[in-house]
Structures are given as structure tokens and as C-alpha cells.
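Mind having a look at this structure? Questions to follow.
Note that the chains take the letters A, B, C and D in the order they are written out, and that residue 1 is the start of every chain.
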Amino acid sequence: MSKRNLIFLSLILALTLLVGCAGGGEQPPQDTPQEDGQKAASDLKVGIVLSSGGKGDKSFNDSSLRGLDRAKEEGLIAEYKYIEPKEVAAAEKGLRFLAQQGYDLVIGVGFMQKDAVDTVSKEFADTKFAIIDDVVDNPNVASLTFKEHEGSFLAGALAALLTTHEEIEGINAEEVVGFLGGMDSPLIHKFELGYTSGVDYINETEGTDVKVKINYTGSDPSAFNDPAKGKEIALAQYNAGADIIYHASGGTGIGLFEAAAQTGNYAIGVDSDQDWNQPGYILTSVLKKVDNAVFATVKAVKEGNFEAGLKEYGLEEKGVALTPLTEAGVTVKAAQEAGDITAEDVAKIEGLKAKIPAEIKDKIEDIKSKIIAGEIEVPNYLEQAQ
Amino acid sequence: MDAVLEMKNITKEFPGVLANDNVNLDLRKGEIHALVGENGAGKSTLMSVLFGIYQPTKGKILYKGEELRIGGPNDAIDLGIGMVHQHFMLVHTLTVAENIVLGSEPSNGRGRLTLSKAIDKIKSLSDEYGLDVDPNAKVKDIPVGMQQRVEILKALYRDAEILILDEPTAVLTPQEVKGLYKIMNTLTEQGKSIIFITHKLKEVLTVSDRITVLRKGKSIGTVNTAETSETELAEMMVGRKVILKVEKKPAKFGATKVEVKNLKASNARGMLALDNVSFEIREGEILGVAGVEGNGQTELVEVLTGLRAANSGVFKLEGQNLLNETARKIKEAKIAHVPEDRHKHGLVLDYSIEDNLILGYHYKQPFAKGLNLDFNSMAEHADRLIPEYDIRPRNKEILARSLSGGNQQKIIIAREFDMGPEFLIASQPTRGVDIGAIEFIHKRIIEQRDQGKAVLLVSAELSEIMSLSDRIAVMYEGRIVDILDAKEATEEKLGLLMAGSTIRSSEG
Amino acid sequence: MAGDMNSKELLKEISIPLLAILSSFIIGTLIVIASGYDPIATYGALLQGAFGGLNSIADTLLAATPLIFTGLTVAFAYRCGLFNIGGEGQLLVGGLTAAWIGTFKGVPMIIHLPLTLLAAMVAGALWVAIPAILKAKLGVHEVITTIMFNYISYSLVAYFSLKVLAKPGSIQTPDIEPSAYLWRFSNVLDMYSYLNIGFLIGLIVLFVIYYLLWKTTIGYEIRAVGISPDAAEYGGISAARNIILAMLISGALAGLGGAERAMGLFHNYRNGFSAEYGFTGIAVALLGRNHPLGIFLAALLFGALSNGQDYMNMLAGVPVDLVTILQAVIILFVAADLLFRRVLALKPEGRKGE
Amino acid sequence: MEIFQQIFNLETFSSTLRMAIPLMVAAIGGMFSERSGVVNIALEGMMLAGAFIAVVVSYFTGSAWLGLLGAVFFGGVFALIHALVSIRYHADQVVSGVALNLLAAGGTVFLLNILFNTSGTSPSVTALPYWGPFKPTVYLGLLIVLISHYILFFTPFGLRVRAVGEHPHAADSVGIDVEKIRYVCVILSGMLAGFAGAHLSIGVLSVFREGMTAGRGFIALAALIFGKWYPFGAMGASLLFGFFQAIEIRLQGIEAIGIPAEFIQMIPYILTVIALAGVIGRATPPAASGEPFEKGKR
């Protein structure tokens, strides 16, 4: 073998080692159990198949896992197993794998798994299933859906109320707010419609004329993964007079937060508590409490009162909510304790919330209770479409 | 002995091929030393060794008495060796000056390319040696003769003491050749030494001082030009007595078979390449087409074989109009074609001999039944033609690529002649083919003529044209300047015509 | 299969891909070890996922099916001297077309099924028609144009699937009619796999392409153009015509691959329809030496990898992206076969020139 | 008129510039590679690798500048694979490019898992600071165009690159080391693509996200072709494509226009095909691009 051939091979090997050393001695890469079959029979086995964003999406995958972590902490389960499918077809395989391995509860995250959960749950009538974000009408499946439109409505109301308060730093004279969508798809339109309805409601009740700028990043799943474009969209909207932008765009939203920090305008996060992403620029986040729903389902299975069928989590069920408008949310506090963010950051977050006028906070509370009471009907894009 | 350069016992072996076998060559200061030999005799390999492109397996190189190792073109250039390749090594998109300085670019202290001084030097060199080159022109815009002078300038710019000219006359008109000779003489007068590679014996005798002959990788000997003759050189090259004359019976012409009138066509770059070409060929006649390469011969053959569209004109075979028909239709009209570049056309090199023997006829009986190939009749066909045309090795499964040039050419000859053509178009039929195969091919062409077929023979070898043709058409800049009876044609006359000087144009 | 190949040459031909695969797995092993995983468990899980039981084997064949088509897509064009890198776009366009035609109601299966397959093939062929014509008539290099058409197709297919065809409130098109279903083996076998007769169609197409290329005058012409367009022209074979023909067939094969996904696996068009089958097809063709038999084996290998990767993740916890890395390294090694030829002191393949 | 102002204002143009920079710099990288005779469709992968390394280095050192350097350096190392495979081992350059794109896509996510225990998004890291209205990478990117033009047309190295890509045997015959020039150019292309990736991850943003280059490497390739392999041509094309992206955002939601965003997204690719077809002046690649160089062969 000539010298240069050796160089080629060693280059490949060097890259290999680079890949390896980078990870080498760090924490054990996965905290999932190995299948050893030694566990006590009474132990509840829970497995979950994540959606395509995978672990660490700072969105509903992470939220689902938080629910399971909580179940673990509270002693409902000893361990759980999670699976990250790369392809559409792989989700079904993951669900079936878990069912075959004798898991008592198998959870599928995301509407993309609807067909898969439907199929597998029919095969394993004795296993309990849950699907998040869609409905599967089988006797052993709990369908956990969220009234994202209700949360988005509150976000729209908040944005519309706040954009008229020019005296607040970062709020301009124009009555414009923005919406940043990821992939141009029905579920995201549900967020959009909730948000614009919230703005319209304020326009009606307050007599304002707030307009909404709406942009979608693209038409395929990569639209959830293009923060650079997300930032450009946000900058364009801010430039066009928007001062508050709400997003439902997955990883693309990171670009929105950076744009907000850069221009000194504001953003509203989605799914998880994203307030600490750019402390001081994110007013609030529309929480989708997947963790609560997951936790409740695990608990129900453990306690033997698992119920199949549709469970809609709205404002009333605390399945959707805004992060507190008065102080940092629990996630932020936990992050501070874990050392992920500094006290300074938390101060910034709380400082921003303090700028929101109390009357607005009251109005939001009022709207929330009206929605729960059914006095305000928030339109659901998915129901309209069907 | 004032040898500037000596190559002693050079042996160069490639896997399975002994390209140079104990070759000796010495070059004196101020001489033109011709290196002759047939294709494949090892001339190029020897020069590549000298230029550092290959390292010799054995042997040594002495420069001004000092033994040294030439590790690459850079070493050779540093020593003052310059090479003018047969295929010019010029980058067409760059200017003349950029091409000349390439590899030893002048720059100011801060890394900026500075051409102005170089351009001055090029101009003065150009004047000194009478090269007449515009340094600022783009290479793609200047004529071939000037491109060659740019190549020479490239070497001179690097202060070359030794110039290697590889087949420099192939692309030139006889007049341009004379100009080149003059330049070569000027160079040697100024003390430069020249190695002149060629296989054209007449040129060698005209211009060189000494001649070294290579044959099958060995050096056969070095002779003084003044003391040798064409016949002696030919014998040294081939290794046996060569019959330079072709035996042929008197012609028996029949009716007009091929009619070409006012043919006009453009070349690949869209320039007019054929300008009102007209001729006729009778049954039993060979019409030779002479001319310096690049004067429209290629385009003429391409138009007649359906590979190039003509702008206007007439082309009829036995009254059947074939102008701008497809290549397939033309083949079906029984026109056979031996192409000038058998690698580019003629053969699918990665097809077997068997597959190549049906190229162009593969789609019809007996080789195809509907859409299916008929492997039995393909095999029968190959088994018959391979011995008949002496194609070696006698294995129809072998890829055409692995055959020698002569045997590759025989595949084409076999296929094209076997289809029973009425009109045979043969372009450079013996280029790069060894002497034995040349005789064989010539015999086959004459055979066709004697069977009453029409033959169009295009060749850059005047001797081939003159010995085979019944009439000779001379092409210059896309026109047929004259058609002579072969008996009246002399080399001088043809040479003048090839340079475009017709009686008519000298009058006008 | 190849008549003009003796056993020694055959050995040489397959030794390079095998060495490439072996080397890649060695590198994969190093990565696995360096990342702190157990290589035996990793590869064990990979194997179990790919071949551990009827269902797994069926899933491997299912994963191999689109790769057979896209591998042939690349190889068929390659035999005509063309590099069709747009298989991905052609597959998507073909798949969407099948998912649309498949929804037509009231058409008897005997018409509907072939009609849908045919429509997908036509769509795939049409999608490569412009690059094909540009190549044939103007000599525009097909690599760039087919890449550009891939990106055009992403937007176009997204538009039609989401905004025109999708059922309301969904990001997938409505399910096709049963009359356009490709029959699934799970109908008679006790397994979950969606393996369907699309796989058998793949095998038939492999044979048809082999026959077409080596036993017919069409193949004789296409291969001649691929080796030497000038020689082909000389032989009365229109290079332009054959380039277009080969590209259209190539695109049709990709379209057929899309049809199998739409009619056999998903029964609709949806997001994530193709797991980059078009690009993996390049690797499959390369590894399979552009020969149908080789493509079959290479498709099986890549099918097994992509099927096994999920078990590797589920059982050994290794990120599935390891398999992507493995695939990339296999391609690099196969492409750089000169490395092995030098190491083994084999003579390089004759390319051009003398 | 109001619509007009919404679409064409100062912000549109700075947005155009920000979006054009990664295309421009990667396209210039591609230009060096292709001018020297090596086709590079791995720009996408090299950008992605650069974006990732920039974030990793910035994360572990706390310095965005080191991140940028790391991206440039590693982009070069990554490109070295392409160089070795396609120059030394005469591999098909397109195939090698496909493999590198795959390697970058798989490798970055694999490493995200190993390093940060996540599959999608890296932690936030220190980003490059602002220099006036833009990040430094914007100014540097424009400077790169100028310098590249100078190098290509006013230096001995540039002359050699142009010669090697058009007629490598001619360059070889005057003693130029063809392979060396190609190595340098391919590595340079990786470094520039790495720079472009870093612009995205730590210039525009401060995180790495799986697949975040989102096809920009291929648009850069299109810009290179549309710009006919000239630095200013590539710059012009990048600005044009950046402009399309900028107005696509601004056209959305303006009902009166009514063109679906998908169709505006296609424009760069369609334009490139049109350019190749010669409708607006034929784009002809360097004569020897894509051909492995074999000494002694011709």
C-alpha cells in the first residue's frame, strides 16, 4: 500500500476517531433500559415512539418525555423506553416492537403516527395505546389531543392588546402583529386561525384595528428545520410594522427569537416554555402540556382506570396554557436550578413580564375564563376543514 | 563531439510492453536531429522519458556530459529542453501571452501577475526568430500555424536550448511547412538544437542533419542525412524491403455512379466548411481527395455518410437522392464508410469483435429478429469474417479495445466491405496501421474498384493518394480547387494546389 | 448473467464492492466503539432487525423494493452514458401521480391497476424529459439539470399534494381505491409487513431491463451510445434519440418505484413519502456495478441496512444515523475503487484513450 | 403602491444580502473547485458540516471567532475527502459528492446525539458579534468575492487554476502540478463552504439545527452556473436568488399577487435550467471539469 493510500485510510480513521472522541467518555448516551427481562412482573412498562423532530426538540417530544420522567419520579414506573424513528414507515415498526416486547402502554407522538397506531393497536388488543395529536377510534387507544387553537387565541389576544401600548419599549406605533408558520399544513393553520381569531376578538371588543402578518416557511417538513429563513421572515415582519410575532414552526422558530433579540421586538413561543430561549424578548409561550396528558395516561394505567377514547386537553383541562404572565414558569425555574440559565436571565424574563400592563393580564384571564365557560367559541381549523 | 545531450541504453517497460529497448540517441549542438519510426516504434515514449514524464526503467541521460535525472517536466524545462507536442498544449480560453508564461509566471513582489514584461520579451523573441505572433490574442482565435509558433515561443521563452518537435508538419500546408523549416534553420543557426520527430521520410531528408531510426522500441541506427536515401530509411524503419508501388490494373470505368453538386456545409463551429463542392465518380473509379487536414475533407465525408447536415447541394448515388439522409438510410443505400478516426467512430471499443462486426447492420436481418438480437447469426458472421480478414486474435469475444490498431482497422474493413457496397468512402484508411496491414487494405480497396464500385479515398498521405487514385481532387478551404488525372499529378503540382494556389486564383 | 465475463473477471468485479462493504463496516465498528456502544450488540440488533424472522425479512425486501427501481433508474441511464441524479424527483412525481390516479372510483381493477402503474411511469418519464431533451439536443449536462429538477419537484409536489389533492385537514392525499392496491403478502402470510407484489414487479423489471439491454437491438444501441456516441452515430444509431429514450425509461423506472410506495405501502401520498430512495439508488447502482443482478444484491444490502437500523436503535440504542454514515462510507469506498485496485495491485479499469 | 413599498424597501435589500452571502461564498468555493476541473455537488454537505463545527467549537471554547475558524478548517478537512477520492482515486466526482452530502447529514445528527444528547437542535452558543448593521461574515463574504476575483484573474495561481480546469495536460506539460492545484482548489471550496455554513449557524443564528442548510448548497451550485463560473457572476446570481427569497417572504399574504410560494421557490432552479439551455447566453462549464487527470493519457 502506498503512502498516499495510507493517508487516505488514516484520514477516514481520524474522522472516525473525531466522531468517537467527541462523545467518548461522556455520560452514557441513552438512559433507556436494556432489555433484560429481569424486572418484576408488577412493574409497569411504558414505551414511546417520538415524532420526527426527535429528542431535544424543545417542543412536544421533550414535553412527552418530561411527562414520563415525572411518572418515574413519582414512582409510577421504574423506567421507560423511547424510540426515535427516522422514516414514516419506521414509526409503526417501533410501536409494534414495543407491543411485542410486552409493554403495557405504548404511546405514539404526533399525527403522522395515526395510521400506525391504528394498525398496531388492532394487532395487540391487550396492549394499551395512546396517540398524541390525533384520534384513533379503537377500544384500547386513548387519543390525546390539544386545543391549540384556544392557547393560540390567548396569544393573539395578548399580542393585539399589547401592540397598541406604544409606551412599552419595543412596541411601535403600528397596529401590526405577526404569525410565523412552519410547514404550510392543516395543523399549523389551526394555530394560525386560533391566533387571528384572538386578534379579531380584541379588535371587536376594543375597537382597535390590529392586522396580522402571516408567513409560512415552506411546504415540506424541512420548513420546520430552517431557522435561518425563520429569522429572515421575522425580520421582514418586524420591518413591516409587526412588533409581536407568534410562531408554530418547530426549529424554525429559533430564528424568530434571534430576530426578536436583534431588533428589540417580541416573540411568543409555542409548545414548551420557550421564554428562556432569548430571555427578555419572549413574552410568553403557548404551552401544550403533553407532559400532563402523558403523565395522566400513565397514572390511569397504573391505577387501573385507563379509558380509551378521545381526551381533549384545552384551557379547562390545563392541557394548553400560556406561561405565567407574572413570573418565570416552572420550566425556567427548573432550568435555573439545573444551571442551564443564570439568575440574570431569569431576571430578564421576569422583567419583561413585569412590563405587561396589569389590565392586559386581567383581560387575558377574563378571556380565558370565557373560553372555558364557552362564552367565547374559538374556531378550530381542522373541524372547519373537514 | 559536441553532444549537448546523450540518451544511453534507455529502456522503458510498461506492464506487458517493452516500449523502449536499449535506445541510444545523441544530439549535437546546432543540429536538427530527426527521430523517425513507424507508429508504436517508441518515439513518443523516448521523448516522454527525456521530458521527465516517464522515468526510464534502465539507462541514463547525459546533458552536456553530465549524468542527471529528469524527474519531471520542470526539470527538463530548467535544463533548457522545450517540447512542441503534436497536439498543442495550449489553453484555448487564455491569451497567447498567458499560455506562454504559464508555469513560470512573472509577478511583482506582492504576488500579482505582471504580463507586461513578458509581452515585451515575447515580442522581441517573435521578431528575432520571425515568428509573427500577437501576444494579446486569445489562442482560440488564431490559426493553427500560429498556434504552433506559440508553442515554439513557449519553449524559447523558457530559454530552451533543445527543442523537441513532435510531428510538427501534420497540420500544416506545404507552404507552412517551408516556413517552419526556415524557423528551424534560424533556431539552429542561433545555436539551438532540435529533435524532429516524424514518420515522413521526405521531410526528414529535406531538413535534418542526422537521423536516428527506431523500430519496435529499439534504435536501429543513426545516419547522416547526406549519406542516406528514402529507400534505405524505409528499410530501416520497417525491417524489410518495402514495395512503395501499389500493383493495380488499368481502370475500366463505367457509368457515373456518384454525383455531388454544389455541396455547402458548416463545421462544428458554424463556419462554412464546404463551399460549392462538386464531383462525380464513375463505376470502377477511385477518386482521391488530397489536401492539408482541416480543409473540409472531414466535413465532406461526414456529409456523404449522414453524420453532418449539408446546407444545400446535391448528393446522388445511382440517381437516388441521399443528401441529408440519416446515416442509417445511407448505409441502406449500400454506402460503406471507413472513418478517419476509428476510435471515435468506426468502433465501439468496449464492444466485442463480434458486436462490432454488426455495428450499423445490427437492427435488421440476419442479425435481428424483431427487437431481439440473433446471437447465432452474429456468431456465424464473426466466425466467417475473422479468418477472411485475418483479424487477430481469432476470438470474437475479445473487446475491440484490446486489439492493435491494424486489427481494429481490419474489423472495420471486414464489416464495411462485406456488406457489398456500391460506393466506398475510405478516410485515412491506413492511418496508424502497420505496413503489412497497409498492403492488405490497399489491395482490398483496389479490389472494390475492380469490381466496378465507386471509391472515394481521403488521405493525408500524398503517396497513398497518388498510388491508389484514378483521379485526384484537391481541397483547400472547403473548395475543390482542381481535379487532376492521377497520371498527370505530381507532388509539386498537388502541393501548390493544396496551398490554394490554382491557376485561376493566381490569375485573379 | 453477463455472457462476456469469465469467472476471473467476475471475481475481480465483486471483490471491490465486497472490500468496500467490509471496510465500511470496520470503520462503522470503530465509530461504534469510540462512541461508547457495544459493536456486537449493535450489529447483532442490525442483523436481527433485518433478518430475524419472516416479518423482518419481508420488511427488508419491502425496503429493498424502491431501491431496485431507483438503482435501475441510475444504472439504465448510466448504460447510455448518462447520470440521472434526479431519480428522487421522478419518484416523487410518479408516486403522487399514482396516488392521484389510484383514487379514481369505479374503475375495474383489471384496468385501474395497470393504468395507475402506467400513469406513474409516464409521470416519471415526463419529469426527466426536459433534461433529456436538453442533453440530447444541446449537450447540457444532465447532472445539473436533474438536480435542479429535483428541487423543482419538491416544491411542485408539495403544492399539489397539500393544496390540491390532500384531504381537508390532513397532510396526506386521500387513500386510493382497493382496485389500485398492489396485493400484499400479509393477505396470506401471517406477518405485519406491507411487502407487496411491487417487489415481484421489481424482480420482473430487473429481468426485463437485463433482457432489454443485452438481448435486444434497443439495448445494443443504448449501450453503444453509452460507450461511444460518435461510434453509434457512425453506425446509424441516433445518439440523441437513444439518449432521450434511455432517460425516459430511466425516469419511468423511478416513477414505477413511486407507484409501488403509493399503491403497495402507503395507499396514498404523504409527507416523508420517499426516504431519499433516489439518492440511495445512486449508491445501489454503483455498488451493483450497473448490472441488474448487482443491483438486486445491492438493493438487498441497503434495504437490510435501512430496515435493520430501527432495531439497532431500539435494541442497542445507537442513533440510526450511524447507518447513514455507513452508507456514505460504502459509496466513498466503491467510488474510490482505485484505492483497492492499487492495494490489490489490480490493473485499473480501462477508461478512455489507448 | 403600498404593496410596492412593502416589497421593495431598504430592509428587503439587507435581507437579500444576508440570504445571498451563504450562497455567494459557497458558490465561490464551488467555482474554485470546478474551475480547477473538479465538480463539487457536495457544497451542501460541506456547508452543513461547517455550520455544525462552528457551533461545536463555539460551544466548547465560548468564542464564535474560533467557531468560524473551526468551520473553515474543518470544511477544508471534509473537502479533503472529496479531493482524495476524486483526484487521487479518480472516483466519479458526482458520486463522491453524493456520498459526502450523505455523510454530513448523517454525521452531524449522529454527533448531535453523542455530544449533546439531542437529535434536533444544539444548545445555543455564542454567536458572532454585530459590526454595524450586519454580522462580520457579510463583509467578509463580500471581501471573499473581491479577493477571489483578484486571485483568479490577477495572480499566477489563478492563471494556473484556469489552465488546469480547461486543459490539464497543457498545464502538466509546462511543469504545473495539476493534482496539487486541484487539491488546493477543492480544499479551498470546502473552506469557503464551511464559512458559508458558519454564517448560517453562528452568524445569522446561534444554534445548529439538523439539516439547517435546507438545500442552500444546491442553490449555491445553481448560482455558480447561472453566474457562468465567474466570481462576480456568482455574486450577482446569489444576490438575485437571495432577492427572490426575500420577496417570496414579502409576497406571502399579499392576496393581490396570488402566486403560491412554492412557485417562487422554484425560480432559481428554473432560471438555472434556462441558463444552461442557452436562452440567455449559454453557460459552459470549464472544459475539463469532471474528468480525472491521468498523467500521460490524453
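Methods note: a contact is a pair of C-beta atoms (placed from the backbone, for glycine too) under 8 Å apart; a residue touches a chain by one contact, two chains touch by 3 or more.
The structure presented is a predicted model; accordingly, all values stated were derived computationally and were not measured.
Student: Please identify the chain with the largest separation between its CA centroid and the CA centroid of chain C.
Tutor: Relative to chain C, the chain whose C-alpha centre sits farthest away is B.
Student: As a quick test, compute the distance in whole Å between the mean CA positions of chain A and chain D.
Tutor: Computed from C-alpha means, the inter-chain centre distance equals 33 Å.
Student: What whole-Å value do you get for the distance between chain A and chain C if each is reduced to the mean of its CA atoms?
Tutor: Computed from C-alpha means, the inter-chain centre distance equals 36 Å.
Student: For chain B and chain D, let me know how many angstrom lie between their CA-based centres, rounded off.
Tutor: Those two chain centres are 45 Å apart.
Student: Let me have the rounded angstrom distance from the C-alpha centre of chain C over to the C-alpha centre of chain D, please.
Tutor: Each chain reduced to its C-alpha mean, chain C and chain D end up 28 Å apart.
Student: By residue number and range, which residues of chain A touch two or more other chains?
Tutor: 8, 12, 19, 23, 26, 29, 84, 184, 218-219
Student: Which positions in chain D are in touch with at least two other chains?
Tutor: In chain D, residues 81, 84-85, 88-89, 107, 110, 113-114, 119, 215, 262, 265, 298 touch at least two other chains, as defined above.
Student: Send over the residues of chain B in touch with two or more other chains.
Tutor: none
Student: Throw together a list of every chain pair that touches.
Tutor: A-C, A-D, B-C, B-D, C-D
Student: Spell out the residues on chain C that touch chain A in their complex, using ranges where they run on.
Tutor: By the definition above, chain C touches chain A via 27, 30-31, 33-37, 59, 154-155, 158-159, 162-163, 166, 168-171, 192, 194, 265-266, 270-273, 275, 306, 309-311, 313-315, 317, 319-321, 325, 329, 332, 336, 339, 342-343.
Student: Tell me, which parts of chain D touch chain A in their complex?
Tutor: By the definition above, chain D touches chain A via 6, 9, 11-12, 15, 18-19, 22, 56, 77, 80-81, 84-85, 88-89, 107, 110-121, 124, 127, 200, 204-207, 209-212, 214-215, 245-246, 249-250, 252-253, 261-262, 265.
Student: Applying the document's contact rule, which stretches of chain C touch chain B when the two form their complex?
Tutor: That would be residues 4, 215-218, 220-221, 223-224, 227-228, 230-238, 347, 350 of chain C.
Student: Considering only the defined contacts, which chain B positions touch chain D in the complex?
Tutor: So the residues of chain B touching chain D come out as 48, 53-54, 72-74, 76-77, 83, 85, 87-94, 98-99, 101-105, 107, 111-113, 154.
Student: What does chain A use to touch chain D in their complex?
Tutor: For chain A paired with chain D, touching residues are 4, 7-8, 11-12, 15, 19, 22-23, 26-27, 29, 53-58, 84, 184, 213-216, 218-219, 222, 225-229, 231-233, 235-236, 239-240, 251, 254-255, 258, 277.
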